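What follows is a group of structures, each given as C-alpha cells.
In the two complexes that follow, chain A is the common piece, with chain B as its partner first and chain C second.
And now, the complex of A and B:
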C-alpha cells in the first residue's frame, strides 16, 4: 500500500508523456469535481469544520515529523519520506489560486477599460503585457532551444528576450534603485535631533556608518591598533555597537516574535484564532 | 554546524513546556480569570486611523505584505477582519492589496464575513480585495498607484515586508496618509518607525487579535505567551550562569558548552 502510494506521489522516473497528460487531465477533472461538490454540499459551518480538520491534521503531520525521534544519516523517521509528496500537494493546491489572481486583476483592469476611467490606457497596457508575456513565454519554452544558442535566434525567442531581459528586468532594477533615495529621505527625517533618544540614535548611526567606510578608519588611524585606546578606533567602535548593542536587541525581539508565532500557531492549529475560518466566536 | 533536520530532546521539552504554559493560560482565561493587557499604542491607534478616514470621506488601504498563507499573514488577516468591522460600521471604504494569489480567496472571505458580521453585507465590494502582483517591486508600484489614485486617508501595513516597505510608506507619507504598520521582522521595523505614524513592534504583532477583541481565549494565549517569555529569560540567565561558572580551565568539562558546540 505504502509503495503504491509513494509511486503515485514520488516521481522516480520520467513518465510517458501521453500517460502523464492523461493523468493530469483526470486529476484536474477530479479536483474540480471535488471542489464543486464540497462547495455545494457543505454549508458555512461544514466548511469551517472541514478547514479546522485539515488544519489540525496538517499541523499534526508536520509537527510529528519534526519532533518524532529520528535515526540515521540523514536523520529520518517514519514520516520523513512523506514530506516531499505532501509539500508537492500543497504546491499544486497553491497553483490553483493563480487563476484567481489573474481573474482579480482582469476584473479590476477590465472595468477601468470598459468605463474609460482616468488612466484606462494603463489598464490596457496591463492586458497587452500579460497576453504578450504569456504567449511568448510559452512559445519560447516549447522551442526547446539549448545552449549555445544559434547566432540568429527564432523571432519568438527574440521577442521574449526583449520583453523579459529588455523590459521587465531593467524596470525591476530601476524600481529597486529608487530605494536609495527613499532611504536618504527617511534617514533625514529619522536622524533629526529633536529628542535625547533621537540624538543617541544619530550618534550611534554616525559611529556605525563611519566604521563601515575607509574614511572612518582613516579618521582615527592615529590611535595605535595595539594600544589600550584602540577600542576608540571608529571601525572597532562601530563593530562594538553592532555586536554588543544592536545584536542583543535584535535577538530579544526575535525571541519575542518566535514565542508569539508559537502561540499564534497553536491558536490556528487548535482553531482557537478569531477570524473567518478559525473560530465559532467570530 | 549543519542545519537541524529534526528537533533534539531539549527542543522537544522546551516546545512542550511552552505550549503547555500557553494552553494552561488559555484554559484559565476561559474559566473567567481576569487578565491584564498593557496599552499598545500602535493597536490603540487603529480606531483613530479609521475615524480619520471617515471624517475625510476617503478610503483606506490595507496591505498584507509579500507572503502567501502563513502565520504572519494569518495574523494580518485577523487584524484586517477587525478593521473591516470598524470600517463597515462607519461606512468607510477599505481596499485590500495582496501580493499572493493563494491569499486572495482567504482575504476575500475574511472581508465578506467581517462585513456580514458587522451587519452591513451590502457595503461589501468584492473588487476592493485586489491581487496586485507576486513580484516584489511590481507589488510596491501597484500598491503605491492605488494609494495615489484612490487618495487613501489611512494606510495599514500588516504582514511580511522587505525592501518594498520603505517605498510604500514613504509614498504614503508624501500623499498625506496616516499610516499604521506592523511587522515581526526586526530588520524592517526601523523603516516603518522612520516613516509611519504608529508601529507595532516585534511580538506586539502577535498580540493584535487578543488586544483588539479582548476575547478570553486570545487574552489567555497572550498572557501565556508572556509567561513562556519569562521562562525563556530564566533559561537564558541559567545558561549564562552555567557557561560563566564553568569557563576557564574547566571549560572542556562544561556539558552545556560541549552540547552547544556539538550542535546535538
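And now, the complex of A and C:
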C-alpha cells in the first residue's frame, strides 16, 4: 500500500512522458468523479462526519508519528515511512485549493466583465495578468528543463522577467512602502502623552527607534564605548530595552498564545469547534 | 501645532528620503551581538554540512529582506560554506533570492549545484519539515529549475537533516520560525538563526535569549551590520542613512504634536479657571 502510494507520487519522474500524461489525466478524472460522487451521495451530515473522520485520522497520524518512540539508525517508528506519501497527499490537497481559488476568482471577475459592472476593466486586467503570468511563467519554467541550456536568453524568458521583476515585484514593494507615509502621519496625529504610562511608552519608543538606526549611535558617540557610562549610548540602551524588558513580555505572550493554540488545535482535531465543517448547514 | 496638513508631512518625509539617497551622510555602523551571532554561526558550520537559507519573503518586505539575504549569501561565500535556498511561503521569495545568489555568486565565481543550489518553493510548512528531517532528497524532489536534486554535486552525502549545519530563516512572515524551531532545531539540535523585518523582530528575542537561535538580523539595521562584517557595504548601508533621518523626523513630528497638545491643554485649563 505504502509503495503503491509512493510510486503514484514518483510518476512525475517517469521516463515516459506519454504514460505520465495519461496517468495524470486519469488521476484528475478519478478525483473529479470521486468528489462529484461524494457531493451527490452525502448530505450535509454525512459530509460533516467524513471531514471530521479525515481530520481526526490526520491529526492522530502526525501526533502518533511524532510522539511514538523511535528506534534504530536512522531513528524510525512504524509510521515514519508513511510521512513522505502523506506529505505528498497534503501537497496535492493544497494544489486543489489553489485551483479552487482560481475558479472562485474567475467566477467573480467573469461576472463583472460579462455584466459590464462598474470597475469591470479592473476585472479584465485581472484576467490578462493571470493568463500572461500563467503562460510565460510555465514557458519560462519548461525552458529551464532543456538540456543543454540555450545560450541566448529566449524571448519568453525576457517577457517573464518584465512581468515578474519589472512589474509584479515593484508594484508590491511600492504598495507596501506607502505605509511609511501613513505611519509618519498617524504617529504625529495619534501619539499623545495623556497619561504617565503613555509617557513611559513614548520614552521607550524613542530609545528603541534611535537605538535601531546609526544616527542614535552618532548622537551619543561622545560617551566612550569602554567607559562605565557606555550603557547610556543609545544603541546599547535600545538593545537593553529589547533584551531585558521586551523579552520577558514576549515570552509571557508566547506561552499564553501556545496554550490557546493547543486548546484550539484539540477542538479542531476533535471537530468540536462550532461553525466549521458544515455545522451551520445542518 | 497639532494641525499640520498631512500633505506637508508626506512631502517632508519624501524630502528626507530623497536627500539621503542623493547625498548620504555616512554614519557609524557597529554590529550588535545578535548580528555577530549569525555571522559566527555561518563560519562555524563544519565542512561537508550544508546551510539552508529559507527565504520566506516577498517584494512587500524586500527593503529589509533583500539586503538581509544578500548579506547572508555574501557571508556564506566568503566563509566558503555551501548553501541551499528554499522557500515555504510566499512563493515569490524563491525567485528573488535566486536572482540575489546569481548576482552575488558572480563576485565569488560560485557554481550552481556545486557551491550553492535552489531547492525551490515547497508547499506545506510542517509536513515538509517533518519529511525533510528524515529524507531530504525524496522530500525536495526537484530543484528551482525542475531538475532532480540528487543530480546536484553539492547534494552528495546529504541525506537527512543531520547533514545540515545551520538553518538561516529570512522572513517578513510571522509563524514560520515556530515550525523550524519546533520540528528541526529542537528535536535534531540543528543550529538555527534568523533575519526578520524590524517590526516583527521583538517577538523573537525570547528564542535568542534561550540560545535556540544562534543569531538574528533585525531589519535593515541587521543587514547593514552584516554588510559591515563581510566588508561589502550595499543597499542596507544606504537604507540605514535614510531610515536614520526618517526616524528623527518622525520623533520631531511626535514632539511637535505633543507640544501643541500640551499648550492647548494649558490654555483650556486657564480658561476654565
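Quick note on the criterion: the second predicted complex is superposed on the first by the 217 of 282 C-alpha atoms of A that agree within 3 Å, B and C clash if a C-alpha of one lies under 4 Å from a C-alpha of the other, contacts with A are read in each partner's own complex, and residues count from 1 in each chain.
Keep this in mind: a residue touches a chain if its C-beta (ideal position, glycine included) is under 8 Å from a C-beta of that chain, and two chains touch if they have at least 3 such contacts.
Please read all numbers here as calculations on a predicted model, not as lab measurements.
Participant: On the A-aligned overlay, A:207 touches which partner chain: chain B = first, chain C = second, or both, or neither?
Facilitator: Touch partners of A:207: none, neither chain B nor chain C.
Participant: Classify the contacts of A:52 with the two partner chains as first (chain B alone), second (chain C alone), both, or neither.
Facilitator: So A:52 meets neither chain B nor chain C here.
Participant: Return first, second, both or neither, reflecting whether A:165 touches chain B, chain C, both chains, or no partner chain.
Facilitator: So A:165 only meets chain C here.
Participant: Based on the superposed arrangement, let me know which partner A:235 touches: chain B (first), chain C (second), both, or neither?
Facilitator: second
Participant: Using the touch definition from the top, say if A:107 reaches chain B (first), chain C (second), both or neither.
Facilitator: Only chain B; A:107 stays clear of chain C.
Participant: Which partner chains sit in contact with A:94 here, chain B, chain C, both or neither? Use first/second/both/neither.
Facilitator: Both: A:94 reaches chain B and chain C.
Participant: Is A:268 in contact with chain B, with chain C, with both, or with neither (first, second, both, neither)?
Facilitator: Touch partner of A:268: chain B, not chain C.
Participant: Determine, under the contact definition given at the top, whether A:84 touches first (chain B), second (chain C), both, or neither.
Facilitator: Only chain C; A:84 stays clear of chain B.
Participant: For A:183, decide between first (touching chain B), second (touching chain C), both and neither.
Facilitator: It touches chain B and chain C both.
Participant: Which chain A residues come up in both lists, the one for chain B and the one for chain C?
Facilitator: Shared contact residues on chain A (touching chain B in one complex, chain C in the other): 65-66, 74, 94, 172, 175-176, 183, 185, 187, 189, 250, 253-254.
Participant: With touch defined as at the start, can you tell me which chain A residues reach chain C in the complex?
Facilitator: 12-13, 62, 65-66, 74, 76, 80, 83-84, 86-87, 90-91, 94-95, 141-142, 144-145, 164-165, 168-173, 175-177, 180-181, 183-185, 187-189, 191-193, 202, 206, 209-210, 212-218, 221, 235, 239, 242-243, 246-247, 250-251, 253-254
Participant: What residues of chain B sit close enough to touch chain A in their complex?
Facilitator: Listed in rising order, the residues of chain B that touch chain A are 5-7, 11-12, 15, 18-19, 22-23, 26, 68, 71-72, 74-75, 77-78, 81, 101-102, 104-106, 109-110, 113-114, 117, 127, 129-132, 134-135, 137-138, 140-141, 149, 163, 166-167, 170, 184, 186-187, 189-191, 193-195, 201-203, 205-207, 209, 213, 215, 217-218, 221-222, 224-225, 228-229, 232.
Participant: Where on chain C does chain A make contact in their complex?
Facilitator: Residues 2, 4, 6, 9-10, 13-14, 27-30, 32-33, 58-63, 92, 95-96, 99, 123-124, 126-128, 130-131, 134-135, 138-139, 141, 145-148, 160, 162, 198, 201-206, 208-209, 218-219, 221, 224, 240-241, 243-251, 253-254, 256-258, 261-262.
Participant: With touch defined as at the start, can you tell me which chain A residues reach chain B in the complex?
Facilitator: Residue positions touching the partner: 65-70, 74-75, 77, 94, 97-102, 104-105, 107-108, 111, 118-119, 172, 175-176, 178-179, 182-183, 185-187, 189-190, 250, 253-257, 259-268, 272-277, 281-282.
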